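Shared chain: subunit A. Partners: subunit B in the first complex, subunit C in the second.
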Partner chain A sequence: MSALSITDLSIDFPTTKGVVHAVTGLSLAVARGRRVGFIGESGSGKTTTALAVMQMLAEPGKVAGGSITLGETDMLSLNEEEMRKARLSRVSYIPQGAMNSLNPIMRIEDQLWDGITAHEGTTDREQLKARSDEVLESVGMPARVGQLYPHELSGGMKQRVCIALGVILTPDLIIADEPTSALDVVTQRHVMQTLKDVQDKIGAGLILIGHDMGLMAQSVDELAVLKDGVLVEHGDSRQIIENPQHPYTQELISSVPLVGGDSFLDAEVGAPPINRGEPGVPLLEFKSVSKTYGNVTALQPMSFALDGEVPKIISIVGQSGSGKSTMGSLMLGFNPPSTGQVLFEGQDIAKMNAAQSLEFRKQVQAVFQDPYACFNPFYRVNHALKFPFKQFGYATSEAQVQEKMEEACRAVGLDPSLVLGRYPHQLSGGQRQRLIVARALMLSPKLLIADEPVSMVDASLRATILKNIYDLKDRYGISILYITHDLATAYHVSDYVIVLYQGHVAEAGPPQEVIGNPKHEYTRLLIDSIPWPDLDRSWGTPSTAAEDAERLDRLARDNKTEFRGSVSGFDLELS
Partner chain B sequence: MSTIPRAYLLNRLLTLFLTVFIAATLIWIIPRLSPVDPAEIMLGRMAAGAGAVADSEAILAQLRQNFGLDDPLFVQYLKYLWNTVTFNFGLSTATFPTPVSALIAQALPWTLGLMILSLIITFFIGNLLGALMVWEKSPKLVRVAIPAAMVFTSIPPILSGLLLMWIFAAKLRWFPLTGAYGLTVEPGWSWDFAVSVMHHGFLPALSIVIVTFGFWALGMRGLMITVQGEDYVTLAKAKGLRPRYILYKYMIRNAILPQITAFALKVGLLIAGQVLVERIFAYNGMGKLLYDAILDQDFPVIQGVSFVIILMTALSVFIVDLIYPFIDPRIRHEVTS
Partner chain C sequence: MSDMPLTRAERKRQRRIRRFDNPWLNPKLFWGAGLLLAIIAVGILGRLFWDPELVFVGSGIPKMPPPGFENLRGQSGTFANPLGTEGSGRDMLALIIIGAPNSLYVGLMASLIGMSVGIFLGFTSGFVGGRTDDVIRVLSDVMITIPPLLILVVFQSAFGDVTLTMMALLIAGFVWQSPTRLIRAQVLSMKQSGYVQMARLSGASTWHIMFKEMLPNLVPYLFGSFIANVTTSIVTAVGLEVLGLGPQRIPTLGRTIYEAINAGALIQNLWWWWGIPTLLLAVMFIGLLLINLGLDEVSNPRLRKLKL
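Then we have the complex of A and B:
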């Protein structure tokens, strides 16, 4: 029996500039107990379709045609009060932004209880308490979590609370909208296993929305591929992954970077590497640098020298809280080290005078995670490109600035006539992130710190942007520190990889060794946690979470480092 | 509910003390930058009353001595600090020899009653209306009517006060024109007196509410728009919670937090009274006291009133600091050096 059947669904967004057809003629059924993945880029209509089932379309969205049936109920004929009652009890929603999905001023159990009360009217505390404890336990959390406030939980725990909420009234259908996009790989695996486990238990249908083909392959039975509001391919996930018919599906599958797989980078390299360093002086040097907050070690004492003569990409990988972003901010001088010195071309960045500091800012550029937050929304994007260029005294004339901007845009694969002169909100996330890379390129720095540059970009665009960044090294001789939680991309782009765990270096060396053939248990855990777009590869069982916790616990006790060989021009030492 | 840690309490008390101390010092310094000699003003007032004053030099010297104006500045300052601590603000120069503290004690209850009451009413009305402007389930009429009502906010209080007086007191005769209580009732803890006070306070309070609710409504509107876009509100809707419950527990409850801080700051400011409102309605509160004192260059009264204002502001901020962690669990009673 179908939990949900959608027939010929169309959703329109009437705007002043005409009607936008967000979804057109979509038909699909989700059987009870089945997991169906909605995959596609942002704007493909996957979330819009799901929200239409709950009648929660954002203004001014409207269902323009077709029908949505949940069990026997025609969802589109329900009035507001009937729809309210159907939410959570018959169809539940697990949102994307788990970080912010819970009311910050209410305890967890109150937020589970109000859901029950709104549908069943129960206000008996003991009864409510028993049910919230039970549902928390079913998602692997102790009952005492109910007493806590959202800010006292980690991202993974918050997402589990949202899952608990999603199953508390045993609905027929669960809609999970990118439930793990804000989590690191290890946590992602645990949360997905929890979700699959509880969904199995209550026998509900599940719609999983996402854009990561690997995660889909490991999580769903059926795949529905959406592009521009149209269902382009739908079927058994094995069949689609092994034998995709539509070119778009093929592209989605091939764009997933794999550890050990084919490189997504161009084999042929443009110009030979340019020598931009000063002989004998390292470009960037850490001298026994450490960072502690109170008695928490954010970064263990370490020394390294990055020689700028031959540009290199050094990757720093780890989960959230591993200290990788701390390393980035130490390098940028945003955060003073607790001990030791950070040197740029032999000069301590904490003791630079105004002129040296300006030169340092000129030579060291950064690309951050959120491409939206990097632009001032009140200015056209030109401003973001132009301003530093002029500020650092590179500009000679307006025409030259314009020419430079256009050249930089073309270098990152953007058509200048389409992006320049527009406001940040008018561009897609991918375009914005490429503009940030273009800005760095215009200044032609010697060093680029890229902190999770592609984690907020659609999977299909990640490869392109990383290619842009990689080109900076090859064509322009810029050395890059690539900070990421994504081992597959680190494997392909880097010359040297440092794996961090709780501020300690777990493993370090060339990527073929560290990621291709990991020795350290932590690196192995990270690699095991990657969902592969390959159904024959196991992604663990529900008991994995407990095993992982044990593994991490063991790791926390012994801080041993595996050195896996070195590359010339980069020496790492731990003290 | 946790209790307030002692270290935090001490830290806040120290902040409170320092704020009041610095403010008290400033209050003392600023009037002394004025070239006016208060003794000469008093003499001038006597002269105006009597036509001429004999032996004026001697009287001036006597006055200066009485007010301690002959002491070195440092001694004056120390005396002032000690007096401040003991709430002894000296004698008013304008209504010599009434002690300033007596004047304040007389005016303060009226202002506290009128202002705090109208502030609380305004706070509730303003925030509720601001929230309703944003809430998607509000009746259309409400969403149109509130912005229209905001026009009143831009009317100067003196005008709206006069208008209210003209309509309700002069024309309709529903309320008395001026004063804080009727001349026929005896002040005291009697029912008649209470009714009279409320009857007299209604129009001034209404004029304050009309003029100030827009501040709260507009602020709340902005906060509510932000909260409306939060994921937890979307999830609350997806949970099938009742719309009103979402409005109170998920939206207003979160949006109101910054408004509470603003409330604390307003309490202090309002002690100064709506000077003009008190003037128009001949309401003998702190605003009128301060206004008259400024006109008369009555330094001791200005100092005394200013000090009370600062003390009230600092105290209400202190109280908010203590209760905030209970209303927003993300804030902790923590000592940040």
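Then we have the complex of A and C:
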């Protein structure tokens, strides 16, 4: 029996530039007890379809045609009051950012009770209490969590509360919109497990919206691949992952980097690497650098020397709060270290005069995580490329600047006539991030700090942008510090990997050793928790959230470091 | 396709879309600016086509009504004084020609000075931080709690007769706090933004970051804050004038109302004496309000609605 059936659904958004067809002719059925994954890139219509089921489309979107039937009810014919009653009790929605979805001034149980009271009118305290305790236990949390306020819970726990809220009235259909995108991989695994368990128990249909092929492979029975509002492929997840028919699906699956799998980088290396460092003086040196914010240690003392003679990519891997971004901002001189010194070509960057500081900026550039924030909305994108080029005295004439910009755009695979001269909001995230890489290329620094350069870019573009960054090392002799949470890409691009956990180096060495064959318990846990797009590979060892939390806690106190060999030109030392 | 003439409905639709895409083409802004420009035009054209000498005492018969009306003495108005005269024979039209731009001038001037101080202190406080930030923040917080009229009454009575610019300066001392706080908050959040970090990476000077990267993005806020301050300043200035303070020799709308009240114009049914300046002030405030609403739509696109 199908919980939800969508027939020939079309959704339009009228805008000033004409009508945007967000979803066109989509037909799909979700059976009770089945898990269906909606996968596609941003703007593919996956969330829009789900919101249409609940009549919660954002203005000015409207359903232009087709029908949505939940059980026996035609959802599109319900009026506001009927729809209000159907939401949560028949179809529930688990949002992306649980941290913003809970009311900060209400206890958890009050928020759970609100749902029951609004639909059933029950106000008997004991009954409410019993039900909220039961539902909290069903998502693997003790009943006393109900007494707490949202800020007292961790991200994973808040997401569980949202799941509890979603299943408290045993709906026929649960829509989970990227429920784990804000969580780190270890927590992600547990939260997904919880979601699958409660869904099994109440026997509802589940729509899981996401963009991560690995997570989908490990979580759903059926996959629906959406592209530009059209359902391009739909079927059993094993069949789709092992034998994708549509070229777009094939591209999505092949763009997921695997540890140990084929590299997404070209095997052939272009020109031999250019040597740009000065012999004898390390390009960048940390001398027992540490950083503390109040009582919190963001980075424990560490020393390293990076030799710029032969360009290298050093990856710094860790989850949020591991101190990896702190390292990035220390290197850029945005933050002074609490102890120790950061040296660039033998000069302490905290004690540079104006001329030296300009030279330092010329030689050390960065690519940041958020391509949307990196451009000043007031100016055309040219400003971001042109301004530093002139500031550093590379410009000789307007024509030369223009030519350099066009050359850099072409080098990162952008058509200059399509991107230059536009405003940032007219370009996609992928185009903007490539422009930032083009900017780095134009300035040709000796060192580039790439802080999560692809985490906010659509999956199919990630490989291309990483390839652009990798080319910077090969063709232009730029050394790169690649800061990421993604072990698979670090495995492929880097010459040396440092795994950070709570400001402490857990494991360090060449990627084949550290990621290919991890020795440290933390690295093993991370790799275990990554969902692989391979149905025969199990998703980690069975362990409960509590066990893992205890393991992590023990590791934080251990402060043990595994050194797994070294590469020439990079020396790491812990003090 | 393109050479086919557009129907009326299509042209109308296109105009609406253009207006949506370019928020400055906003009917509220247009009307608001129109009303203010009309008051300025009255000042300029009036000086050309009417005799400004008529503002002096005794230039006409006192308490004459506008043409078509009679005063309590049974005299009917003539076109020698198209808006009537006040209690000492001054011509109302000349009073308005001189007075209305004066009131607007005080408001604009006070707001301009206040904004400049606010921009400077806001940027300094947000950018420099530390002790400087503490001092500026505490100072502006304290100043916000002080009722300006009370202090100004004391000041003005101490100064006696003041010029318009002096008056604007005194009022400016009470309108710099809110722009300071607004800009400080914006600067603090913008300091962390990606494009400011990019500019720092590009070796930009603090000066460049402040005025080339941050300020352009603040323009809609600054405009909004400026207009709000003009309104506050005019209200304050008129308030003081109605109390009989402020410039004694220069005609302003507020002073005309003060004299009307003092001479018992309300009971003597001399409605043109107090009514016309009040009406002009109302027009001024409606104009400013419309501009403010229009600017709100410019800086906050969510307020814009597209009806197709």
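Just so we're on the same page, the second predicted complex is superposed on the first by the 533 of 575 C-alpha atoms of A that agree within 3 Å, B and C clash if a C-alpha of one lies under 4 Å from a C-alpha of the other, contacts with A are read in each partner's own complex, and residues count from 1 in each chain.
The criterion applied here is as follows: a contact is a pair of C-beta atoms (placed from the backbone, for glycine too) under 8 Å apart; a residue touches a chain by one contact, two chains touch by 3 or more.
All figures in this text were calculated on a predicted structure; none of them were measured in a lab.
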Partner chain(s) touched by A:84 [first = subunit B, second = subunit C, both, neither]: first
Touched partner set for A:119, first subunit B, second subunit C, both or neither: first
First (subunit B), second (subunit C), both or neither touched by A:334: second
Subunit B versus subunit C as contact partner of A:142, first or second or both or neither: neither
Partner chain(s) touched by A:16 [first = subunit B, second = subunit C, both, neither]: second
Touching partner for A:374 - first (subunit B), second (subunit C), both, neither: second
Set of subunit A residues, in rising order, touched by both subunit B and subunit C: none
In the complex, subunit A residues that touch subunit B: 54, 56, 84-89, 92-93, 95-97, 99-106, 114-115, 118-119, 149, 151, 162, 165
List of subunit B residues in touch with subunit A within their complex: 230-232, 234-243, 245, 249-250, 253-254, 327-330
Subunit A-touching residues of subunit C, taken from the complex the two chains share: 17, 20-21, 193-195, 197-204, 213, 216-217, 306, 308
Of subunit A, residues touching subunit C in the complex: 14-16, 60, 332, 334, 357-358, 361-362, 365-366, 368, 370, 372-379, 384, 387-388, 391-392, 436
